[in-house]
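Just so it is clear, A, B, C and D label the chains in written order, and each chain counts residues from 1 on its own.
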Amino acid sequence: MRTNRLEAFSDGVIAIIITIMVLEIKVPHGEGIETLLPLIPVVLSYILSFVYLGIYWNNHHHMLHATQKVTGAILWANLHLLFWLSLVPFATGWMGENHFASAPSALYGAVLLMSAIAYWILQQLIIASQGPDSILKKAVGGDWKGKLSPVLYAVAIPLAFWRHWISMSLYVVVALIWLIPDRRIENALRSSDT
Amino acid sequence: MRTNRLEAFSDGVIAIIITIMVLEIKVPHGEGIETLLPLIPVVLSYILSFVYLGIYWNNHHHMLHATQKVTGAILWANLHLLFWLSLVPFATGWMGENHFASAPSALYGAVLLMSAIAYWILQQLIIASQGPDSILKKAVGGDWKGKLSPVLYAVAIPLAFWRHWISMSLYVVVALIWLIPDRRIENALRSSDT
Amino acid sequence: MRTNRLEAFSDGVIAIIITIMVLEIKVPHGEGIETLLPLIPVVLSYILSFVYLGIYWNNHHHMLHATQKVTGAILWANLHLLFWLSLVPFATGWMGENHFASAPSALYGAVLLMSAIAYWILQQLIIASQGPDSILKKAVGGDWKGKLSPVLYAVAIPLAFWRHWISMSLYVVVALIWLIPDRRIENALRSSDT
Amino acid sequence: MRTNRLEAFSDGVIAIIITIMVLEIKVPHGEGIETLLPLIPVVLSYILSFVYLGIYWNNHHHMLHATQKVTGAILWANLHLLFWLSLVPFATGWMGENHFASAPSALYGAVLLMSAIAYWILQQLIIASQGPDSILKKAVGGDWKGKLSPVLYAVAIPLAFWRHWISMSLYVVVALIWLIPDRRIENALRSSDT
């Protein structure tokens, strides 16, 4: 399997996930502007998840760009990642409809945690398939973002049952950490060219 | 990141937005032709939004065609545009179900305004990335359409609370202004070839 | 605009239309096999529309394959076709839920008629853009299928109010006429190669 | 028609099927963690179907990779396969909502059976189009997986009315058989290169 097929399929699935998520913002039945008020937490959740899926799309693209061949294990690790990402709209909808209540906020963190683990597994399999001179390994480097994020999610999940705004803040913080585009892989690719 | 990846992802998202919008036209429960009557404003809103998304798809394509490299800032400006476009089905559904009432018509204008601003930001970032000899800058030229549209939206939003048919007319007028395919970029590309 | 962009976007929209149509087959609330019985007309409508969209996808592909350049008019004629096709899920759902009643069957025919007209307009614009030696014109030839189909739809629409099974039969007949893959364009392309 | 068009369209449809399936996991109205309990069978069904669609996507890709030309018959056999796959979300939703009751489990097996038959027809048509030296024929070889799967489905369907957990186990067994990535075609392609 060529990398671009896997990329096109993943892009398609992420594009659909990001778009059907908007279906959770149900059209209100009244016509007054005050009927929009109950939608504010739903829209805020949507924005957060939109940013997360944008980050995944972006980093996933960079990662596959540094991948030459796709093994069976990589293919299934990729589907495993898409599986967890496909649960984001559900977790987002539940969290938004319940105004960031404890259990929904914890579930949201759990889906993010599993997605991060799935991403990490995929990354390790690609690095393993590339052997000792792995471009991706060099590109990822210390990978402090990839190591810190699951820790923050794991902290945020139990905290959601104590003070749910703390876990929400942690999800926003992780998003901000990643929002800075990941130039590591681009740099490694560039230096491997020269 | 290559331009064609960004284009394929954006096309995918716009194709999904344009298609799920039709889900707002709910199948009526009766079998008589009169059960379609309440759907007329819903269908009219759908047509307007379909045309707007067609215009965005078309112009977005031309813009990316005049873009060589994609920076991190361009990538996020593009996701920002897709975010606002993804709210079009919601605004369309709310406006259609409430027969173009004031608040829904104003929200529709607000989503169009934010999309226009997001498009403008994306355009400026691409021009900035191309330096002084920017093909896109030459192509866009005076950009009177791009400057007039947000002004008309901004006028239409408060007017929706006074006479909502005026704001609806303004949305139609802006669509008609853009419906004439944008040959500016094509011309600039052609002249830069010769 | 290159033809392949238009093709990819159209393919994406048709793929989404064909797939969201299945959402009209609502999961029944009982667990007995008899709860599936009311779904039979819904599934039959789905099959018919699936075949129609398959035919459009196939012929549209062949047509664009014989197209070299995409003008603004062709682009909008293509969006016009996609607009009518996007209404197929609605018409299908209404017809299926009401067991092929008169008004829904007539509306279904109207959507098919408008799609056929939109397809014809697109075809004429491509032929016109190719000038006197148009490959597509040669390929389409007498185009008896393209001429007969709208006539049969136009006959079927009023008949739906008299005997709705006659119009249903006509829709099935037109589908069968087209189901035979359109080798005309392929042949013309082949002979233009030699 | 080139193979890659057929592949892109099929990928698009499968990506949409796999993603809209998640819409069957309805957001619960309560905010307590116990409101998730009734969703467990829905999520389990979703996982099973996700794996099945992943298997189809993977094998379908390998099959088309060993296909050079697409005839009209192949095109329609492919649409026929996509038709049955498009019913997977419905069968999954019905089975999950009714906690793997008899009739829904039988229907699920029937959809899997018809998909397997549709896949087999497509495979035979491609082999036939390739003539006596068919790469795909060599790659598929004895095809014990392809022969065993429909038999297991056919056994599972009636068993669903006696002990539905037996048929569920059979569906899981078939998925596990296929989950091992299909290296047969890859091997045949490799040996035909050397």
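Rule of thumb we're sticking to: contacts are C-beta pairs under 8 Å (C-beta built on N, C-alpha and C of every residue); 3 or more make two chains touch, one makes a residue touch a chain.
Note that the structure is a prediction, hence the values are computed from the model and not measured.
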Copies chain D and chain C - interface residue numbers shared by over half, same or different: different
Chain A and chain C, separation of their C-alpha mean positions in angstrom: 38
Geometric centre distance via CA averages, chain B-chain A, whole Å: 27
Residue numbers of chain D (touch at least two other chains): 8, 12, 16, 20, 23
Graph class of chain-chain contacts, one of line, ring, star, complete, other: ring
Residues on chain C engaged by chain B in the complex (per definition of touch): 1, 5, 8-9, 12-13, 16-17, 20, 23-24, 72-73, 75-76, 79, 82-83, 86-87, 89-90, 93-94, 97-98, 101-104, 106-107
Sites on chain A touched by chain B in the complex: 7-8, 11-12, 14-16, 18-20, 22-23, 25, 27-29, 31-33, 36, 47, 50, 54, 57-58, 61-62, 65, 179-181, 183
